[in-house]
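Chain IDs A, B, C and D follow the sequence of writing; residue 1 opens each chain.
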Amino acid sequence: MLIKIAEQPFDPLRELQDYQDRNAGMSGKYGATSIFIGTMRDFNDGDVVSGMLLEYYPGMTEKCIAEAVGEAQERWSILECLVVHRVGEVYPNQPIVLVSVWTGHRGDAFDACRFIMETLKSTAPFWKKEIIDSNNVEGGEKGSFEPMRGERWVTGNSNGYARNNNG
Amino acid sequence: MLIKIAEQPFDPLRELQDYQDRNAGMSGKYGATSIFIGTMRDFNDGDVVSGMLLEYYPGMTEKCIAEAVGEAQERWSILECLVVHRVGEVYPNQPIVLVSVWTGHRGDAFDACRFIMETLKSTAPFWKKEIIDSNNVEGGEKGSFEPMRGERWVTGNSNGYARNNNG
Amino acid sequence: MQIKLRYFASLREYIGRSEQIIEADSGVTIRELWALANPDLMFPSNTLVAMNLEYVALAEVVHEGDEIAFFPPVTGG
Amino acid sequence: MQIKLRYFASLREYIGRSEQIIEADSGVTIRELWALANPDLMFPSNTLVAMNLEYVALAEVVHEGDEIAFFPPVTGG
């Protein structure tokens, strides 16, 4: 089991290959691998998004992911599990998250991979601030995450946090 | 959408990379990729399996997979889909099947990938004959699929076909 | 009319051939075709049937040029 | 006793600091700590609370050395 927070862009397929190479002992033992890759899109809610800043809570984030994996290991028969999650400045078409589960049988792989992804999504502390390119916003140039018009916090319930907050 | 029958060993991660490279137009458009890889194990039902012969029905097999993908495309919002399935002589730790679905959102990706895999499994004509290494069987040497003791047809309901068949 | 029959996997081995051409009258069903092709062999339980690459029932009527396939349960993936 | 408070994401920006050390009496709850740390700011709805890297309720009692974090809903993955 490996959980990684990646501060730089990562290649999910290379991570998978490396992990399988490092765990050669499971060769011939696993019959199913279920993999999920989340990738940044260049639009959201009709807006063009040129980048985002992905913030996390070092320590707690890894702990939450490990708990999700641990619960999956209790519920399903899992041989190996790999989770990689990006943080920092992320641009469109860059991978954000990789979850891969190796099992004997496919039902376990499908169930566990989805469970880990959904649990991670709802419990692990990550927050994203999108840089929006829209007609009435001058900001939004790539590479800049300084406060400006055109930024938007995207929260778990799809509402900007600050907008809900009446102090 | 691409469906491939592979008569030789294939590398699922390379297939994924190649497919994404060839479909660069979807860059920035997909937010989710759900991938399933089925891999041959070196045991089954307690027996050591040294290899298998995977037979198919050229034409019908591809058609059944295409119908599974088509139905998934009707039910979920799918950007791209890749299915690769091995046939011929397969050895432990070799990939048997790859299903990958690229979508905007993760729910569609998870649902469609699993649906395609389950539908393929239950409808596409593939049959496997395992070479069993067991104590009371002399045969089973790698590379030979000639009729011998130590072969076992493995069917959809986990019963050997011939054993059920009373003529 | 002439109809092509195909057999796959354990059924092919059991019957001892992978395909055959059957001469039959128009209007014949697949069940009747089986009896013509394998007069000494009851249709085995658990056998699937395809006509022109589509799953069909044994009661299906065949036509000139059809390809009928018989095979055991599938084990895809 | 001394308690470390941390703020993340939009809440950090809203409050204008990422962390602070609060001097509080033993037996204080997180809700009371918030009022000590942000006397002019009602606890914002939709805010999550963690104590020592675990989600907890506002009614939780804090102890010397605890780290309390406040943050908006998460958007993992």
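Heads up, the rule we're going with is that contacts are C-beta pairs under 8 Å (C-beta built on N, C-alpha and C of every residue); 3 or more make two chains touch, one makes a residue touch a chain.
Quantities reported herein were computed from a predicted structural model and do not represent experimental measurements.
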Original post:
How short can a chain-to-chain path be from chain A to chain D, counted in steps between touching chains?
Top reply: 1
Original post:
When the centre of a chain is set as the mean of its C-alpha atoms, what distance in Å lies between chain A and chain B?
Top reply: 28
Subject >> Approximate Å spacing (C-alpha centroids) for the pair chain B, chain D >> reply: 51
Original post:
Once you find the CA centre of chain C and the CA centre of chain D, what distance in Å lies between them?
Top reply: 72
Subject >> Of all residues in chain A, the ones touching two or more other chains >> reply: 38, 106, 117
**OP:** Mind pulling the residue numbers of chain D that touch at least two other chains?
**Re:** 77
**OP:** Check the chains against each other and report every pair that touches.
**Re:** A-B, A-D, B-C
**OP:** Would you pull the chain A residues touching chain D in the complex into a rising list?
**Re:** 38, 55, 57, 59-60, 63, 85, 96-97, 117, 120-129, 147, 153-157, 159-162, 164-167
Original post:
Touching chain A in the complex: which residues of chain D?
Top reply: 6, 8-11, 13-14, 41-42, 44-46, 48, 50, 53-55, 69, 71-77
**OP:** Sort out for me which residues of chain A touch chain B in the complex.
**Re:** 13, 16-17, 27-43, 92-93, 104, 106, 109-110, 113-114, 117
